[in-house]
Structures are given as structure tokens and as C-alpha cells.
Amino acid sequence: MLKLRRKRKIKQSDYKRLTPPGAAPGTLVKAPDATMTTVRKLAWGGTSPLAEGELEDLNEIQQLFEKHLVSWIDVRGLGDLKKLRQLGDICKLHKLSLEDVVSADQRPKVEEYENYLFLVIRMLESTDTTLAIDQLSMFIFKDHIVTFQSTENDCLEPVRARIRKGKNRIRNAGADYLAYAVIDAVIDAYFPVLEEYGQKIENLEARVLENPESSLIAEIHELKRDLIVLRRNIWPIRETLNNLIRDRHPFITDETQIHLRDCYDHALRIIDMIESYRQTCKDLMDLYLSLVSNKMNEVMKVLTVISTIFIPPTFIAGVYGMNFNTEVSKWNMPELNSALGYPLCLGAMAAIALSVIAFLYSRGWLRSS
Amino acid sequence: MLKLRRKRKIKQSDYKRLTPPGAAPGTLVKAPDATMTTVRKLAWGGTSPLAEGELEDLNEIQQLFEKHLVSWIDVRGLGDLKKLRQLGDICKLHKLSLEDVVSADQRPKVEEYENYLFLVIRMLESTDTTLAIDQLSMFIFKDHIVTFQSTENDCLEPVRARIRKGKNRIRNAGADYLAYAVIDAVIDAYFPVLEEYGQKIENLEARVLENPESSLIAEIHELKRDLIVLRRNIWPIRETLNNLIRDRHPFITDETQIHLRDCYDHALRIIDMIESYRQTCKDLMDLYLSLVSNKMNEVMKVLTVISTIFIPPTFIAGVYGMNFNTEVSKWNMPELNSALGYPLCLGAMAAIALSVIAFLYSRGWLRSS
Amino acid sequence: MLKLRRKRKIKQSDYKRLTPPGAAPGTLVKAPDATMTTVRKLAWGGTSPLAEGELEDLNEIQQLFEKHLVSWIDVRGLGDLKKLRQLGDICKLHKLSLEDVVSADQRPKVEEYENYLFLVIRMLESTDTTLAIDQLSMFIFKDHIVTFQSTENDCLEPVRARIRKGKNRIRNAGADYLAYAVIDAVIDAYFPVLEEYGQKIENLEARVLENPESSLIAEIHELKRDLIVLRRNIWPIRETLNNLIRDRHPFITDETQIHLRDCYDHALRIIDMIESYRQTCKDLMDLYLSLVSNKMNEVMKVLTVISTIFIPPTFIAGVYGMNFNTEVSKWNMPELNSALGYPLCLGAMAAIALSVIAFLYSRGWLRSS
Amino acid sequence: MLKLRRKRKIKQSDYKRLTPPGAAPGTLVKAPDATMTTVRKLAWGGTSPLAEGELEDLNEIQQLFEKHLVSWIDVRGLGDLKKLRQLGDICKLHKLSLEDVVSADQRPKVEEYENYLFLVIRMLESTDTTLAIDQLSMFIFKDHIVTFQSTENDCLEPVRARIRKGKNRIRNAGADYLAYAVIDAVIDAYFPVLEEYGQKIENLEARVLENPESSLIAEIHELKRDLIVLRRNIWPIRETLNNLIRDRHPFITDETQIHLRDCYDHALRIIDMIESYRQTCKDLMDLYLSLVSNKMNEVMKVLTVISTIFIPPTFIAGVYGMNFNTEVSKWNMPELNSALGYPLCLGAMAAIALSVIAFLYSRGWLRSS
Amino acid sequence: MLKLRRKRKIKQSDYKRLTPPGAAPGTLVKAPDATMTTVRKLAWGGTSPLAEGELEDLNEIQQLFEKHLVSWIDVRGLGDLKKLRQLGDICKLHKLSLEDVVSADQRPKVEEYENYLFLVIRMLESTDTTLAIDQLSMFIFKDHIVTFQSTENDCLEPVRARIRKGKNRIRNAGADYLAYAVIDAVIDAYFPVLEEYGQKIENLEARVLENPESSLIAEIHELKRDLIVLRRNIWPIRETLNNLIRDRHPFITDETQIHLRDCYDHALRIIDMIESYRQTCKDLMDLYLSLVSNKMNEVMKVLTVISTIFIPPTFIAGVYGMNFNTEVSKWNMPELNSALGYPLCLGAMAAIALSVIAFLYSRGWLRSS
């Protein structure tokens, strides 16, 4: 299990700034690991059929907006700065927003611009072997949205599937509902990951209680770190959604507002879960330390019991093993020549050992605890 | 006692999401352990007598509402999605609310819809051997309420008994008062459970002080976990009730408002209790660690006292147990042949032991602490 | 001192609910240890002289209110539910308030009703041997107050004495000033108790620094528990007074308002004291643990010093105490027959012991720390 | 250094109430250590020259106010209750304020009365050997201020010097500026004391890292206590100044307002410093414990290394020191009579010791850490 | 790595007040390490070309302001109080602000004056060998800014480079945009330093897990201290920027407002990073302590295992090494003359040792953990 966990360690660039300090605002800098940029379209409503596929020529976009009621421009990979700048110009995105998109190091936030809402959230990309956190930047216009993400795979596939299926709510609602569906999918993707963490914690708890072995500390520590990272990413989402709900924007309909409130509840639940996992991890570390402390006590008690029982008789045996010449004077070890010397000596040893045992018993050190 | 406690460990699905991430909002998913759905009615007021019993045909509901002043539709078991959807249509419940009801993983909250208030709280179901937390979802309409819970047994029986008895406040008041009575019963059910935890803590405290044995750590830890779970369930109830009181809704009369304020006070008291229990558990862990640390110190002192007293004389005995040939030269162990060798040797041993004892006494290690 | 403290351990029913969960609101349940109810009057102003004494017939009350400008109905013992209900009817107290009075498990709070303010605070009843926390429930009407408490002795005697003395502010002011005087007396009664705790902490601190003996842990722990209980009782009083001051009520004059502000300051000071005592207790536990840890280090060092000095020479002595037959071959212990065997052997022992001492000295273990 | 620090231990009466609980509000009680009261005047502006000196007759005050534009009545020592009451009457101070002045146990606060602002702050009186906290009570009127303090020496001397020098801002501004100057001097007096604490902490840090000896714990603990006391005194000053700035009072001019904002910044800085010192002290305790824990580990390792190397060979030596009669049978210790018995025995001992050493080396216990 | 870190230890005067307590407000005191003051100009816009260079005569300033649209007066070194006072007079800076500039010990803040905004932030000056925190004081006027810093080198060089380059946003925008650019550069300079700390923490984490050696504690402790210092400097910047954004000032255009919001997000991210680093450092210390505790347990177990196995047989060997005279009586050590004495004795020893080993095995102490 440990191995799996290590493999799935959260990869996160830890808010690493790409733009050098003091650069002009709006400067776009390509991340060293940025992948090629592909732009996909997904548009429906109006008289035209559902349009889906890669957009080779960005100038199609304007036409797309005109022909459909709702469009979703879905950009993956942030490596082609020229293309991104062109897209920014076509969609009239603010230079600062575009910088935030490209540097991909933003805190979740929502900002209101003249024509659009700019929303940043961080999404979990969970595969069997990796668990990465990626930035999802979304521009919400009146009748279309533009999303940006740095990798190909994401957690939005179910949303796209619902759109393709047709004849459901998402096909009949506006861009605001689409934006909600994306946010909802991103937030819901945290649940299975957190449930996995919950199971890891229960598993660790059982193992700590059974045998507090040294390797567990590192595992608990790693878990704590992962939770710190998750918390830092999720915490501002709560605030972001709260802002979105509180400061009602003309684009957002009443019905979508109700759905966003639901999203907000989910975010609160995720935060509740992370907070109690963190608390449990802390308690687990305390539990571990207490158990180790107790075990050490146990070890010390065994050593002390054995030592205190045997050290005094061993001393006596040492005394009568001395080679003083009994023939020189009657003061030299007369016991050795006494008829009952040996039995008396053994008796003395036994008496001492028994009184030590009685003392230890009275202290409760001979009872197993 | 421990056994009982283990048996009564809190079972909670830990906000486990049923709906897969990205599913359309309002998708109902049956929980794997969902039980059959039964719908009960309880209606009174108007010219008809008190109506109680299972509702076989959901279409009776509309008629029920018309014939009585106040009705309570009481749904138990969330396994029959078809029935639930039908009920949702009849009572005009929002799809999202219905999803929250079925997934039964909601944070306590209150939401205002056009025709009703939707309230989620979590209720303790305590029997002799189990202690489970279930979601109670309640829709408060102008003249009826609809409640949903996942199991048959609950803590609302006293409320129903009061309704059956007739001729009391609850029979003369409206649906808002009924809703209050339900909330009150749910919150009050926390008190006996928390009092039980209070007694467990006192019990543990006494046992830790008497003998800090190793099994206690696991018990304290389990208590801490249970309190974290309880806290996570109770904490948002406070907020929920506060919202209910602050944002006065037309359905809620002034008199019920006063009663809800009382409920809110009870929730605050429960939170106070949980917070101080958590603090006490933390202090208990510290106490345990201090006592173990102290016991170890004690053990070490006994070992050190015995060792330091006997090790030097044992060395001397060893020296005079050596077999150097005294006849070869006068340098070889002349003491052995000296007339007072043995008494002087014993004297030296005693002198060393006594000076060690004096040293230990001066350090205060021979006084019991 | 410990004994005294144990005797004075805080007794508190820990918000124990009397009414069973789900009971109708306003149900009065007699506490198992409730004492007989006596109702006292204290009224002045108007043309009649000061009226004081037990009220045998509750119907006198109405007359009392009419004849005097200010009246104080002072109820002690909550055992006679019939009498309390009768009093509630005469004074027109809300059923819910009366339930709060009788169950005596309320969080401090202030509630506004149509004709009166209902205030609950918790008062310390400190005698030489006990320290209990009791609930004081007070109904503040325009020209009279009604107070309820569960026992005979309280901390309000000085207020009554001031009333009896006559010709002072309290005799000339209204019921609002009387209510203030009662609150002030209750809050001020916390000061001497907290000062006692302050002295206990200083005393403990001195004893921990002098000799961190095991019994001190239990004392610190008990102190921490008492402070948690006190805190839980005092903390909501702050909020309660703040509400009373902020939401100005027509009964409360400007002058009384100033006095209540003073009360509020006192409550803040009490909270400050409790918080810093709690912090100090926590620091004290850390101090204790550090000192024990240090002592253990000291003990271990002595054991290690003695052992490492004597174990190697003892081994050498053991070697030359072996009985190999030197006559069989020249390889068998030739040292025994060497002329300088013994002195060289002793020299070797001394050399080893000295080099160990030098090593230990270089590590600084021979210096006392 | 320790000695000096002990001498300078903060003396504070810890909010000790003088007035007995339940006493009438406004009751003045003389503190047991109260010193004689002297009243000084300092007045300027108008046609009269600067007036300074002790006020023998309090009735001069009215005249003083009339003749000068700004006056400062400076009362030191709170022992003469009669004089204080007389002063209170002349200056029309509220009875409750006067009680707060005399009991000298107030939390810093500002209260608005009809004619004046009543301000309480706590000032540090630092001499070479003592460090005490005293209450400074100030009544700010339109054209004069009245200050009260319990001792002769204070930190306001520089303000008085500036007034005497004449021809500067303070001589040309009003009473509000004078009040600001006093507050500023009181707050600035915290800086050198806190810088001293900062140096103590750095000093302690260096000593802990060099040699974590036992006496340091007590020093860290004392520092922590002092910081708790300082924090409790400074923290409410922030709130007090904030209230003073927010609730603009007609006496306070715009210019003084700017100066008060500066004062508020200083208070924030002091709180920042105390908070980070407290954090550092906590870290220091952790550092200490880690180092002691490490040292103990080191000690245990030496003991274990020596013991495990020598115990097995010593046992072998003991075996061949036994006196079984080899002549009785060939089973009795034939090794003793074997020609190579001794060298083989020594070899066995060496082999065992070396394998133990190899084992310990593989565990890394022979490398110094 | 440690050495480098030591060299780069954060130097900070820890808010050391220069002005003595009680000094008149506005008193300028020269810091002991203050360097010579140089005043530079950087002005553009209008008909004149870009003006850059040192300002020899401060009277040129007025002319500079008239000839250019935007000017930046850039003062470095705070040693020449006369020059600073003259500059203050020319630019009409408030005396209190100037005191704040010179004492260079301010908390980050923004203050609104009649003609200008006064902003204080603290900037990191990072070179290869040092890491210092300096105060940047900035006066923002309608068409010029004045900045003060205590040293020559700063993190604003990229901003100046952008100005020199010409034909970009900064050359076409007003003084408010210039101020934003300066703030942005200061805040962005924290990122590389924090990333360095992040790497240090990861490095330390790996080393602690590999071998928890004693020197690491001091490193973790130093890291914690540095983070406390950084936090104290960054935390109020958040508040400052928030104030700047919330209280919209006429100078600040809408566009700059958007840019400042971006700055504010960066400050939040820095605080997030510091908070999680602090948490990780705390966890690291716990990890260290757990590992040391575990190691000690391991050491103790080895000692106990060896001791308990060998102490009892050694005692038996001691017994049969005693020299009681077997010829005196048949009670004296008859075993010595028994034919199977020796093998039985060895067998007994082996039996005891094996049963001890079995006992230890059953406790799990022989398995490596």
C-alpha cells in the first residue's frame, strides 16, 4: 500500500512564479514543462447541430459564437504563447488574466471584468499512478465560456458526455449553467480522492494500534503534508464560490444560483473532511508517540527487574569467589570452611532476591500492563 | 465497559458521495445499503379526525392536504427511487433537494425555495448496541412537512406520541411548530449521548490517574475520534439554526421563532460540551504521557541505584578472585596472604557502597517521589 | 493544600438535561436533588415601608407590586413545581422561560419577551469547603425583578444588605438598577475565586521548579479541568452582557447602561485571567515534562558513567579468575605465574578506567548540569 | 544575567479587586500598599505664565482652569481617599470612574462621558532593578486633563520636559494633543523593555544550542510568563486606541487624530513583537526538549555499546572461573586441562566482542551523531 | 548548505525604535548604521525627454515636476537628516510621515493625507550572501512619487529598466501605475526567496527521514525563526493592500485598481506559502522527535535483550566460582564434585537463556522494527 501511495504523491508546483520579479504586468512566460496547445470547440443551440472538435483556425471562433447559443472553447496545454495571445485578442481577455492563465500558479479566485467573470480553481487530476493538481482557468461570458488547463486529461469528461448526449438540462440552459457544471465536476472530483485518504488514515490507525513500528511515522508525516497541500488548494475555493454567490452577476440566472449554492455546500463538506483528517493525523502522531513511550517503559521495566534481582546475589557470589588465604588467619573468609557456609550463602542470595521481587511487586512492576 | 463502547462505535458514512463526479445535478443514486421505502401519514386539524398510517397510494396525499390543517408525510428508507421521484413530483420538491435527500451525505443546512424551506440536520440514532448518525431531511411547507430518513428507528417517537395524545399545543399549532418540534427532538437526542461521553471521560480520567496502563491510550484516542465526528455533525447545525432564526420566513410565526431560539441555545450547549470534552481528552493524553514519563523515571532510578551500589564492590570481588600465583613473587596479590586481607577488603567494599549511597541520597534519588 | 483543593472541587451538573428528549416544550421536570421552594419578598419605595420576609401566599404578590415602587421576588430551591407554575402564572412568565429556570442547565443568555427581559447567568457559590456553580435566572420587569436559584446560600447577600440599609442609590433607583446590582454581585464573586486559583498556580509553579514530583501532575491536571469548567460558564456571560448593552431596552436607563458597561469590563477581565491561567497551566505542564526529562537524563548519565568505568576492568578480573590449568601447557594463562602479573594487570585496569573517564569528561558528562 | 532578570521580574497585582464583591458601585477602597497622594499642576497658555508645582489647596483648580488655556492635573499616589473624592467633586468625575481609578485594576479602555473621555492604559515603570506595571487613568476634558497613577516615578518626564521648554507644538496645541503626548510616551516606553526581552531570547537561544543545561528551562518558562503578563496588558490598548480613533469625539482635532493613528501603529508593532517572542519562546522549549532527547539517546548508546561488548565475554570468563572438580569425571570442565584452552577461550571472547562491534557498527551506533 | 544559510540569515532590526520614548512627535533621529543620502530623479512625459540622474540641488525638484508628466524621486540612504528635512519641506511631507521614513521601523501600512497617500512596505534585499529586510516608504502624489530606502541596492531595478526602455505601458500611464509597478516588484521579490525556503524544507525533510541527526534540530529551528520574521513582515502587507483597494482614492484609476487586486492576490499566495511552510516545519520537528524516540527505543531493546540473556547465567557461573571448602562438610557445594556437575550446570544456563529468549521473542523484541 505504501508503494502505491508514494507513486501517487501529490505533484504540485507549489505556486512557483514563472514571471521574473519586476517584469511588466501581463508578461507571458512559458513554463519549462508546458505542453503543446490544442484548442477544442463544443457548441450547441441555435439552428446548427452540435459542433465538436479541434479548432485549427482560431478565426473560426467568432463565427462559432454567432451560429450557436452556447459555446465552450476548451484549451489544453499552455506551451504555445503565440496561439494563446491570439485567442486572448479574439475573445478580448484582459492581459492580466491571460498572465494568470499561463503562469498557472494562481490562488483560486473570481474576478469581475467588464464583459466576463474570470474564475480560477484548482482541479485534481487523479490517475491510477499519479495525483496532480492543475489550474483550471475559466472565462464566463454571456453566451460562451473559455477554459484553460495545462494537461490533456482532466475530470470534465462526464460533463462533455452529458452535452453530447443532448436532450437534457445542460443542452437547454445557458453558458452560466455550463460554467456551473464545470465547477461542480471539478469539486466533485475531490470526493473520491478524499475518501481514499480517509481509508488510508483508518488503515494507518489500525496498524499503529497493532504495532507502532518506525516506518509508520514517515507515512503519517507524508499524509499530513499531502493534506496541507490539499487544504491550501481547496480553502480559497470556498471563498471564491461564496463571492460568486454573494455578488450576483447579471449572467447568472436564479436557477444556476441555486445550483452554485449546492456546489458551495460540497466545498464546505470537503473542507470539513480535510480538517478532520488533519486533526486525526495529529492525534495519530500523538497516539504513536504514546505507544512508543509505553513500549520503552515496558522494555526498561524488564531490564530493571532482571538487573535488580540478579545484581546483588552476583555480588555475593563474587565475594565468596575471592582467593584470600584462609590459612593465614582466622579473619580471612572463615565462612568458606564453615560446614553450612554454602547453604547459608545460597539462602542469603535467595532471601535478597525474594525481597527485591517483593519490592518490585509492591510497585506493580511485575504485573504486565 | 470498553467492549460496550466498541460496540457502540459511531457508524457514519463520512459524507460518502454516491453520485459519481460530473453526473448531472439531480441524478438520484441508490445507496448500496438503502432499505425499502415506506411512506407514513400523520394529519390532523380541520373537520376530519387524526389520520395516521402507511400511505399505500401516493396520490392520496393531495386529498390529505386538503382535508387536514396540518400534515406530516414521514418517509423512511431511501431504497425505492421511483417512489421518491413520484413523491417529489406530487409535493413539487426541487430536483437538487431530492438528490440531497437520497445521497444522504449532506452537511446540515437550510435553503429557501419558492414554496418551502429545505432543512437538513443529522440525527443520532442510539440503541443499546449501536450509535449511528443519520440524515434527516425536512421540507417545511405552509401547512405540511415532509421528512426523509434512511432507517426505520429514529428519535422522533416522542413527538408522534404527543400528536396522538391530542388536545395539546402541537395539535393546535401550525406546520411551523411541528417542524420546530421535530428539530427540537433531534437536538435533544444528543444530550444523553454526550452525557454518556462525559461519564466515559471521567471514568478514563480516574483510571489514568490510578494506573496509566497502555490500553487506555487506545481508548482515549477512540474517544477523540468519536468527538471529531460528532463535532463535524453538530457544528453546522448551529449555523443552520442561526440562519433559520435570522432570515425570518413568512411561514414561521413569532411564537415558533421564540421556540427555535431555545433550540439554538441547546445546540450551543452541545457544542460547548463537545469542545470541552475535546479539550479534556487532549489534557488526558498529556496527563497520560506525563505519568508514563514519570514512571519511566522511577524505573530508571531504581536500576541506577542498584547498579551504582553493587557494580564497584563486585569489581573488587572480581579482583581478589583472580588466580595470580602469589608464590612466584611478592608483587602478586600479597593481600591474599595478609592476615586482615579479607576484613579490609569487605570494609573497602562497604565504604565504597556507603559513599555511593551518600551521593545518591544527596541527589534525592533515594526518596520516593 | 491539595486536600483543601479536592474538597473544593467544582461541582457542576455539566448541563445535564432533565427533560427527556422529545418532551413537549415547557415541560417542567423536578431535578433529583431539588430542594424545597421558598419565595421571599423585598420591596420598597412608594408610601409603604420596606417589606421583607417569606411570602406564604403567592397571591400577595400583585398587591406588593402595587404598593411599592420596586419589588424583588427572590425564589430559592426549585423542588416545588406547583408553586413555581403558580408563580409563573401570576407574573406572566413564558412557559419556555420557566422550563429554562427549572431545568437549571442553561447557557448564560439574555432573551427579550414582550413584558420582560429574561436573563440567565451562572453564579459561583463559594464556601470554605465547597465551590459550586448555580444558575441564577432573572426576569427583569419594568418595576420588579424575579430571581430563581436552586440553593439557599448565594453571593447576593451584600446587595440585600445595601437595600436594607436604605438611603442610598439602590433604594432610589428603579428595577433596572436592582438587576444591575445583582449581576454585578454575581460577576464580582468570581474575582476572589480566581485570585485563589492564581495563587494555586504560583504555588504549583514554585513546587514544580523546586522538585518536579509525580503528584504535581494530577494537581496541574485538576486545575486545568477546573479552568475549563469556569471558562465554559463565564465565556457566554460576556456575550450576554454585550447583547444587553447593545440592544438597548426601554427599561434600562442611561445611568444603568453606564453601570452595565462597567460589569462588562469586569467580565472581560475575568476572561482575560482565565485565559492566561490556562496558558500558564499549559506552560507548567511543559515545564514539568522538561524537568522530568532532564532528571531522567541525569539519572541515565550516572548509570552510564559508573557502568562504563567498571564493566571493562571487571571483565579483566573475570579473565584472570579463570581456572585454566597452567601446568598443562605454557599457553594456559602464563600471566598468572609471571612475577609482575598482578601489578601489570591492575595497571591495565586503571589505564582502561582512566581512558574511559577521559572520554566521558571530554563529552562533558562528568560536569554536573 | 539571570540574577538581574529575577530582580526585574514584572510585579503586577494581576487585576486584584480591592472592592469586596457586592459592594455598592462607586465604593472607594484604599489599596494596602497605597502611598500618599500628591496633586501637581502644570498649566500654560492664556496671559499667565507657565504654572507648575504641587497644589496644596484643591480649590485653586477652578481658578487654574480659568487663567490658562491648557492645564494638567497630575495626581500621584492613591492613598488619600478624602482628597481624591474632593478632587472628583471639583472636576465632576463620575463615581464609577473614580472607583476604577482607585482600585487600579482596570483593563485598558476608553469610555465616553458627558463632559469628558475616561481613558485607562497600563504603563511600564522600568528602573534598573524593577519592572512594574502601573495603571494610568486619564480624564480628557475640553481644555484640561487629569491623570492618576499610583507611584511617584513614571515614564512621562520627557513630556513634562517638552512642556517646560516652551515654544514648541505641545505649548501651542490643546488638551487633546497633550493627552496624545501622554499616551504616546506610555506606549513608547514599552519598546526598550521589549528590545531587552528580544536580546534575552537571542541570548537564551545561543545558550540552549550550545549546551541545553537544566537551568535554562526555568529561564525560558519565566520569560514565557512575563510575556503572557505583558500581552494581557498591551492587547486591550490596541482596542482602546482603535475605539478612540473610530468614534471621533468633538474634543479631538483632525491633527491629533493623525497622531493617534501613529500611536495605534506603535501599539500594533508592540503586539507583533510580543506575539513573535511568544512563538519563539515556544519554539525554544521544543528545541530544548529535542536537544535533551538527543543527548539522552547519545548517553544510552554509549551505555549500550559498552555493555553489549563486555557482557558476553564476562559471562565466558565466569564460566571458566567455576570450580567444578575436573578430577571427578572427564565431563567436568575438560577445557581447563586442555593445552590450548586459554588461548581458544580468549579467541572466543574476542570473536564474540568483534561480532557485537560489527553488529553495532552496522546499526550506525559507533558513529558519533 | 548550512553554512550558506547561516550567511544568508535574515538581518532585521526587529522594529528597533530610534526615537527615545517621550520625544516630540516628528523628531528625526539618525540610525547608527545610516548611510549617506543620495537623491535620484527619473521623470518622463510632457515635451521634455526622459530625465534621469542624481539630483545635486533639491530645488530642481519643483521644476522637474512642472516639466514632466510623471516623476519619481528616489532617495537612498537615510543618513543626511538635513537633506531629508529639506526634501520634506519641498514635497510638503507631513512631519510624522518623515519620522516614520527615517526611523525605518514601521509596520507596513497605508495612510491617507490631504495631498498624498503614504505607504510603507518592507522589501527583501537578497544577494548571494545576505538576505536583509528594508523599509520602502513611498509617497504617492497625483503626478509624482517619492520613495525612500536605507540602502543602495534594491529589487526595483527591473522597474527602472522598463521605464528607460520607453514605449510601453509604464511610460504612458500615470503616477498611480508607477506606484503599482513598485509595489508589484517588491512583492514579487518574495517569491524566489520563499521557493528557496521551500527547497530547504524538502531537503531537511529528506535528511531527517534518512538519519535524524542532532545538527538538524538547529537547522529546523533556524528555519522556523526566519519564517516567523518573514511572516511578521508580510502579514500586514495584505491588510495594507486591502485598505488601498477598498478605500478607493481619487489618484488611483480603475485600470490600476485591477492591477492592485492582482498584487493583493500575490500577497495572499505568499502568506499561504509561509503558513504551510510553518506548519511543515512544525511537523518536521514532530517527525524528528518521533524518530529519535524510536531510535532510543531500539537502543534500549538491544541493551535489554543482551542483559537479560546473560545476567542470569553469569550469576550461576559466579555461584560455582565460589571457594567454599567442599571437604569440610557434604553441604558445601557438593555439585562441584558431582560427575555431571559441569554439563548440568551448562545445561541449566542454556535453559535459562533460551527461556529468556523465548520470552523476549513472544514480546516481539527480537524482530527488528
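So that you can tell them apart, the chains are marked A, B, C, D and E in the order they are listed, and the count of residues begins at 1 in each.
By definition in this document, a contact is a pair of C-beta atoms (placed from the backbone, for glycine too) under 8 Å apart; a residue touches a chain by one contact, two chains touch by 3 or more.
No experiment lies behind these values; they were computed from the predicted model shown.
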Touching both chain A and chain D (chains): E
Degree value of the rotation bringing chain A onto chain E, based on Cα positions, nearest 5: 70
Report the inter-chain centroid distance for chain C and chain E in whole angstrom, where each centroid is the mean of the CA atoms. 40
I'd like the Å distance between the centres of chain A and chain B, where a centre is the mean of that chain's Cα atoms. 24
Do you know which chain D residues sit against two or more other chains? 289, 293, 296, 298, 300, 303, 307, 311, 314, 318, 321-323, 333
Ordered ring members, chain C first, chain D second: C, D, E, A, B
How about chain C: which of its residues touch chain D in the complex? 155-159, 161-162, 168-170, 181, 184-185, 188-189, 191-192, 195, 198, 209, 258-259, 261-262, 265, 268-269, 272-273, 276, 279-280, 283, 286-287, 289-291, 293-294, 296-298, 300-301, 303-304, 307-308, 311-312, 314-315, 318-319, 321-325, 328-329, 331-333, 363-365, 369
As the complex stands, chain D meets chain C at residues 14-17, 19-26, 94, 96, 100, 105-107, 109, 111, 113, 211, 213-214, 217-218, 221, 224-225, 228-229, 232, 236, 285, 288-289, 292-293, 295-296, 298-300, 302-303, 306-307, 310-311, 313-314, 317-318, 320-323, 326, 333, 335-343, 345-346, 349
